[in-house]
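Going by the order they are written in, the chains are A, B and C; count residues from 1 in each one.
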């Protein structure tokens, strides 16, 4: 992580030269940044997988209203949503070595992202499932469908209609949040940008390019999700 | 066995550092509240701008919102902290941090503002026009009071999100709770417990915020002339999911 | 129950001569749909006009145009000495904007199907606030007038109630009082009883009937209550597909309609 230039140095720089954006350097930094992007995408992908799987587990336990477990899960979800991801990551990162487990930084990051977002995913699952009208359940029962079919063929498909666009937005959110992995020394996009900055003492280009890369990926992705949402709600 | 280590100072204990950790709480709260003021202000500015009929207001507001939402808050924080000085903008850490969080949060909140205003029935605007009330009066005394209650629950979420975001400020040298937890961790042998306690402190704060917001919601609904949607003590099991949907129940 | 307070100034003092509202060659298009087709309509001061016709015939649209809530695609609207969407310069009429509309709207009031009361204000405040902010009355005078008007519509015991605490009929009566307070020369009623439960319709019609007999306000009433329309109207206008297909005295239009369209419509509606 780069060090902040001291106040005096910053003012001197500002006074002595008008800042010149160096395109050459910006493009030189690009390969490193793109290497970091790979880790960002990896973290997003596996984190999402974990989040959407765990989220369903939490949601089902809560919906089933199991006497103790449901309350515990409710508190657990509130806890995950009510505390900073950063601290959760630190906790995971530093707690494992204490018990002799060495989990690499990226895997820890994926675990952290996945667990954190699973709390949000569980709320979306719950809303989606609760959104399926009672009448659907009753019709399925009247038709004599077994429970598994009820869930698999009737309820979950309708719940997912609602959930998928929201999940799309969560994936994009996770993509952006993955920058936080740089704090536990994962060399993803921002981490790489900071390394380049520290090595070359040029801060502007790497960080700006990184921010641009984020924008270039997340903006079209957001439009796509909105399109998906329109498609799903119309059908 | 301690006589073997007479020369060594006693290992620092977590309890010694607890007060130091707790001193981070006011800083966290301060950062949260100041940022939220900016979130609401910029949220309204962006939200009203995007709802405006004139393109001159609508397009720049829309652009600002997309840019702010498009990149991550961390990237923006680092950018404000390391890059802005090169453009001659030298901000104090707290100011820079709060400004970034506030604007970023405001970009998200603007959608809440816009949606709330759009939810006010069109008939209210028409009645105001028919009564020849000025556009300013209409906005201030008719539309806004009705849009406000709709904004309270998302505001509550934004508040708790902001609480969590303040932890990022630790990355830019602001000494709130997360920063102190970090500092203490680097001194102690056992890292886990510090963060565990920090997590519990954050949890306590977010639960308190949630309770306060719930009261605010009730107040806002009453002020806007809506009957209370949740009567006290009534937790009707109106869930769509039937009891028998789960095997074994 | 005469209230001299509610009578508008002497008709002959207005600059309109014998016409209060003049709509000429009005056309209203929404995209490819033409809702009002080259329509002309006049309303005289103190005249009570009933507008009937099938849904989608443009009845509500014509009221909204008269109120200035929407701008016509073509044509002119002239109210009590001013154009709604035009100004006269050097003898020519040129298009104008919202501020001109605001000036011209002063003479018109409207009661909506959905009442559109301000939910965060009490009945009293709903009526008094426009008086303070539009007529610039003092709070004391506004309050007095509001109390007077609300009593007139039979709601003196509901002054501090919010809309959520009142029935539909009560809310609509507050809405009428609210519009009445600004002393419009022309009052528009847009299917004001259509959203009410049947047993509440009567109390609102009673108020309108009272207004028709005791004030010299002109009225344009869009309604499905044919009998009521026949009772209080001086003239009945029948709309269909954005055009006027028939107009005349109520006895003629409702009992011996000339146009086949009118006959069809009346047959359908009276057979319910």
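Keep this in mind: a residue touches a chain if its C-beta (ideal position, glycine included) is under 8 Å from a C-beta of that chain, and two chains touch if they have at least 3 such contacts.
Because the structure is a prediction, the values reported are computed rather than measured.
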Quick one: which pair of chains has the most contacts? A-B
Select the chain whose centre, defined as the mean of its C-alpha atoms, is least distant from the mean of all protein C-alpha atoms. B
From the C-alpha centres, identify the chain that is farthest from chain C. A
Based only on mean CA positions, could you tell me how far chain B sits from chain C in angstrom? 47
How far is the middle of chain A from the middle of chain C, if each middle is the mean of its Cα atoms, in Å? 56
In whole angstrom, what separates the CA-based centres of chain A and chain B? 18
Within the complex, which stretch of chain B touches chain A? 66-67, 69-76, 78-79, 81-83, 85-88, 90, 160, 163-168, 170-173, 178, 181-182, 185, 190-192, 195-196, 198-199, 202-203, 206-207, 210, 239-247, 249
Complex contacts: residues of chain C adjacent to chain B: 67-69, 102, 105-106, 108-110, 112, 114-121, 129-130, 133-134, 162-164, 175, 178-179, 182
Which of the residues in chain A end up touching chain B in this complex? 1-2, 4-5, 7, 10-11, 13-14, 19, 60, 63-65, 78-79, 81-88, 90-91, 94-95, 98, 129-134, 137-138, 141, 147, 150-151, 155, 176-180, 182-183, 190, 193-194, 197, 203-204, 207-208, 210-211, 214-215, 218-219, 222
Given the complex, residues on chain B that touch chain C span 121, 123-124, 126-127, 129-134, 137, 141-142, 145-146, 223-227
